[in-house]
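Common to both upcoming complexes is subunit A, partnered first by subunit B, then by subunit C.
After this line comes the complex of A and B, so read on.
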C-alpha cells in the first residue's frame, strides 16, 4: 500500500475575491521508502500540491478529492489526529531555510524543542540526540552549532540542519520543496547526497519538488510532471530521461541548454505556460504543442496508463514512435 | 566578430574594508589581479559560486564600483570613475547591465514605454516621432508586443520583465552588455526563449556580451570565452568549449562534476566550512 496517495485532488484559492482553480485532478502516490519527484515550471502547481499534502493550504482555499496518508484521509483530519499527523507524519524541508527557521532562537532550541515538548525527553538527552543527528548530516562540531543562530550558518549548513530536524521528528515522509534552489552547485550536490543517503538508509519516503528535471531524475525513483495544475506524465526516472512521453516533457528536455555542446538556437517552446484556471475544454498544452491535432483543442485527455507509467495525451502512442525534438546544429 | 579589443581588465583588484567592532581594520579582497581581453562582438562568461567575486568584477566593468587598483579599458582608453553626471551618462552609453532580479530592477510605476521614453530623452536629442520609432524597434528586438510594452511590471511575468530590462539596457546603444545572473531565476522554457532572443540580437549587431553566471549549461550555450573564479582569483580561463569539456583546474572540475545530468549522482564531500563568513564574503585577510 502507498504511504501517501493523492486522488483527484482539485484545489481552488481565493485571489481578488474570485475562486480560482490551481490544481486539477492531481493523482500521485508514494510507496514506503520510495522517492517521487514532482517536476514542472513556476505556477504549475507543485508547491500547492505539497501544501495540500501537509494540510497547509492558504486561507480561503477549498479542496476536493482525497489525500490518504497511511490510509487516513488528511483532508478530513481534525484536532488531535491532525496535530499528530503534522508532528510525526510528514516533515518539510523548505526552499529558503533562513525564513523557515525562527531567527531569534538557536539551532539547539530549534532541534531540541520538539524532542522535549513532544517526546518528553530531558534537555540533556535531547541535546545529545541532536548532536548525534547533526553528525549524520555531516556536521561534526554539533555541540558548537547548537549554540549558534541561523544567520551564523551558510545556506548549505542550514539546509542540513533542516534535514536533521526531519530525521529527529521520526516522520516517514519528507516533503522537500526545491531544497537546493538557492544553493551553489557544489553545495547542492552535497546536500542532495546527504538527503538521498539518509533516506535510503532509513527507508523514508520522499516527495521531492523541483524545476530541475535532471536533479530530480538523479535522486528519485519515479517522476510526475505537472503542467497547468495537472499531472501530464508519470514514469520511472530513467524511463523519463530516455523516453519522455508527453509532448511537454519532450519539449522541456530539448529546450534546456546542455553543458556538452552549444547549438545556434535552442528548440524553445513557443508562447507561455497557461495557469490552471485559464485551461479550456481541450488539452492544456495544445496551444504550444508541435504535435497538436484538431481533437486536442476540444477533447480533454485523461491520464492514461501506459506500460509502467501514465501520460495525459491523446496522441501519446503515435508520438512515442517519433524521434525526440532535435537541436539545430551550431 | 569584427575584431579589435573592446573590453579589457588589467590587474583589477577590489578590496572592501570590513565593518563591525570585531573586524575593524580588517579587509576583504573581493577581486584580486584579474585580467582579460575581450574582442568586439565576443562573449565572455564569468563563472563561480557565491563569494567568488564575479558580481564585484561585473560591477567594476559597468562602473558601479571603482577598482582599488588596476584598470578597466574600454575601446582603447581606461574607464574613469568620476561623479560628474555628464561623464557618467557618457560611460553608461558604452556599457550597460541587466540585473538578476527583474522584480526589483524595474520601477513598478513605469511601463516599458514610459521607462524607455525617459531614457531616450535623457541620453539623446530625439524628436517625438524618433522616440516612438525607437521604442517600437526596441520592443521588436526583445520580442515584446504593444500591450506588454504599455503594461506596468506587476502585470508581466518574470520572463517578460527581463525582456523589458534588456530593452532598457539596449536603449542607449551600448557596445557591451553585462548580464548578472540575468537568466538564473527563469523557468527552462522561458530561459530558452530568451537565450534565442539574445543570439538573434547579437547576430544582427556587433554587441559584446559579458555573462556572469553559475549555470554552466547557459554559459556553454552563449559564450566563447570563460573566466572561472574562486575566492576573488581567476583559477582557469580559455575557450568555453575547451574549459568545460576538459577542465584543468580542480575547482573547475568540481564545478563541472556538480552539474546534474544523465547518470549523475550527488557526491558527499563534507569539506564545507560551517561558518557563514568564508562562503559569502570571499577571502578575508
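After this line comes the complex of A and C, so read on.
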C-alpha cells in the first residue's frame, strides 16, 4: 500500500474574485521508502500539490478529490488528527531555508523546539539529539551552530539544518519543494547527496519537487511530469530517460544541454506554458505539440496505464514508435 | 579575562547603538533615566517633606532653603516635583503597559484567526476608536471615584484600539511569511506560534508604540489631574501641580505651574524621541 496517495486532486484558488483551477485530476502515489519526483515548469502546479499534501492551501482555495496518507484522508482531517499528521507524518524542506526559519531564534531553538514541544523531550536531551542529527547531515561543529542565528549560516548549511529538522521530526514522508533552487551547483550536489543517503538509510519516502529533470531522475525512483496543472506522464526514472512517452517529456529531454563539450543551439518548445485555467477542451499541450492531430484539440486525453507507467496522450502508442527528437541537431 | 573581554564587547556594542541612534536619542534616554531615578529615589533625594505646610512662607522666592521656592501652602517645590515624578510616571506606565498588553493580544488573535472573528473584532475595535479617551476617563471617574486607578483603566481601554490596529497589520504581514507556514506544517499550535514566533518579530514595533502611548498618557493624565479628577491632594503630581499653580500665576508666582509643566513637556518629548529611535531601528532592521 502506498504511504501517500493523491487521487484525482483538483484545486481551485481565488484570484481577483474568481475561482481559478490550478490542479486538474492530479494522481500520485508514493510507496514507503520510495522517492517520487514531481517535475514541471514554473506554474505547472508542483508546489500547489505539495501545499495540498500539507493541507496548506491558500485562503479561499477549494479542493476536490482525495489525499490519503497511510490510508487516512488528509483533506478530511481536522484539529488533532491534522496536527498529528503534520507533526509526525510529513515534514517539508522548503525552497528558501532562510525565509522558512524564524530569524529571531537560534538554530538550536529551531531544531529543539519541536522535540521539546511535540516529543516532550528535555532541553538538554533535545540539544544532544540536535547535535547528533547535525553530524548526520555533515555539520560537525553542531554545538556552535546551535547558538547561531539563521542569517549567520550559508544557504547550503541552512538547507542541511532543514533536512536535519525533518530527520528529527521522525516523519515518514519528506516533501522537498525545490530544496536546492537557491544553492549553487556544488552545494546543490552535496545537499542532494545528504538527502538521498539519509532517505535510503532510514527508508523514508520522498516527494521531490523540481524543475530539474536530470536531478530528479538521479535521485528518484519514479518521476511524474506535470503540465498545466495535470500529470501528463509517470514512469520509473530510468524508463522515463530512455523512453519518454508524452510529447512534452520528449521535448523536455530534447531541450537539455549535453555534457559532451559541444555547444549547440538547444531546441526549445515553441509557445509558452499555459496555466491550468487556460486549458481548453482538448489536450493542454496540443498547441505546442509537434505530433498534434485534429482530435487532440477537441478530446481531453485521460491518464492511461501503459507498461510500467501512465501517460496522458491520445497518440502515445504511435508516438512511442517514432524516434526521439534530435537532441543536438548537427 | 573573558568576562572583561565580553564587557568591553558589550560596551562597544552599546556605544555603536548610541552612535547610530544619534545624540537626541542619547539625551532623551539620559533625561528619562534622570526622571526615573528621581521618582524611585524620591525619599532620599527630596530635601524636605513634600506635604509639610508652612503658612509662614507662602509663595517664597527661591532661596537656599527652598531652591525653587514654595507653593501657595508654603510647601517646598523641589520636594514636591521630585515626589511628583512617582505618580506622574507610574500612571502613564500602567496605561501604556495595559494598552500594549490588551492591544497585542487583540492584534495577535485577529491576525492569527482571520476570517469572521477578525472582521467582527476589528470592527468592534474600530468603533471604540470613535470614543474620545478623555470622555471615557471622566465617565470612569464618575463611576469609580477619583484617584489614579480610574483614569488609568479608562485610558488603557481608550488607547487599546490604536495599538491593536497598528500591531495587527504588522502581525498580519509577519503571519504570511514562509517561516510561519513552516511552523504550522510542523504541527505547532497557534498560540505557540503567535507568542513565541510572531510576537518577538514585531516586538520593536510594540515597544515603540508603547513608548508613544506613554507620552500621550502622560499628557492626558496631566489633563485629568488638571481637571481635578485624577490624583487627589495632597499627593504630589505634576499635572495637579500645574492646576493648583493657577492661582499662583494670577498672583504673580508662576514657578509651580511652570516647573511642573516644564517637567511634563521635557519628559514627553524625551519619550517621543526615544520611541522614534526604537521605531527607526526596527525599520532599519527590516531589510
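What to note about this one:
Rule of thumb we're sticking to: the second predicted complex is superposed on the first by the 321 of 330 C-alpha atoms of A that agree within 3 Å, B and C clash if a C-alpha of one lies under 4 Å from a C-alpha of the other, contacts with A are read in each partner's own complex, and residues count from 1 in each chain.
Methods note: contacts are C-beta pairs under 8 Å (C-beta built on N, C-alpha and C of every residue); 3 or more make two chains touch, one makes a residue touch a chain.
Worth saying up front: this structure is predicted, and the values here are computed from it rather than measured.
Once both complexes are superposed on subunit A, the partners subunit B and subunit C fit side by side without clashing. After overlaying the two complexes on the shared chain, residue contacts for A:268 are found with subunit B alone; subunit C is out of touch.
Of the two partner chains, subunit B is the only one that A:153 touches; subunit C does not reach it.
Touched residues of subunit A were counted for both subunit B and subunit C, and B has more of them. Across the overlaid pair of complexes, the angle with its corner at the CA centre of subunit A and arms to subunit B and subunit C is 80°, in steps of 10.
Once chain A of one complex is fitted onto chain A of the other, the partner contacts of A:128 are absent, as it touches neither subunit B nor subunit C. Once the two complexes are laid over each other on the shared chain, residue contacts for A:41 go to subunit B alone; subunit C is not touched.
Touch criterion met: A:102 reaches subunit C, while subunit B stays clear of it.
Of the two partner chains placed by the overlay, neither subunit B nor subunit C lies in contact with A:70. Fitting both structures onto chain A leaves subunit B and subunit C with a minimum C-alpha separation of 8 Å.
When the two complexes are superposed on chain A, none of the residues of subunit A touches both subunit B and subunit C. Residues 49-50, 157-159, 187-193, 195-196, 199, 214, 216-218, 220-222, 241, 244-245, 254-262, 264-270, 272-276, 279-280 of subunit B touch subunit A in their complex. Those residues of subunit A that touch subunit C in the shared complex are 54, 56, 59, 83-88, 90-92, 94, 96, 99-105, 113-114, 117-118, 165, 169.
Here subunit C touches subunit A in the complex through residues 114, 177-179, 181-189, 192, 196-197, 200-201, going by the rule given at the top.
Listing the residues of subunit A that touch subunit B in their complex gives 41-42, 138-139, 141, 145, 151-154, 156-157, 184-194, 196-197, 211-215, 217-219, 241, 251-252, 255-269, 272-273.
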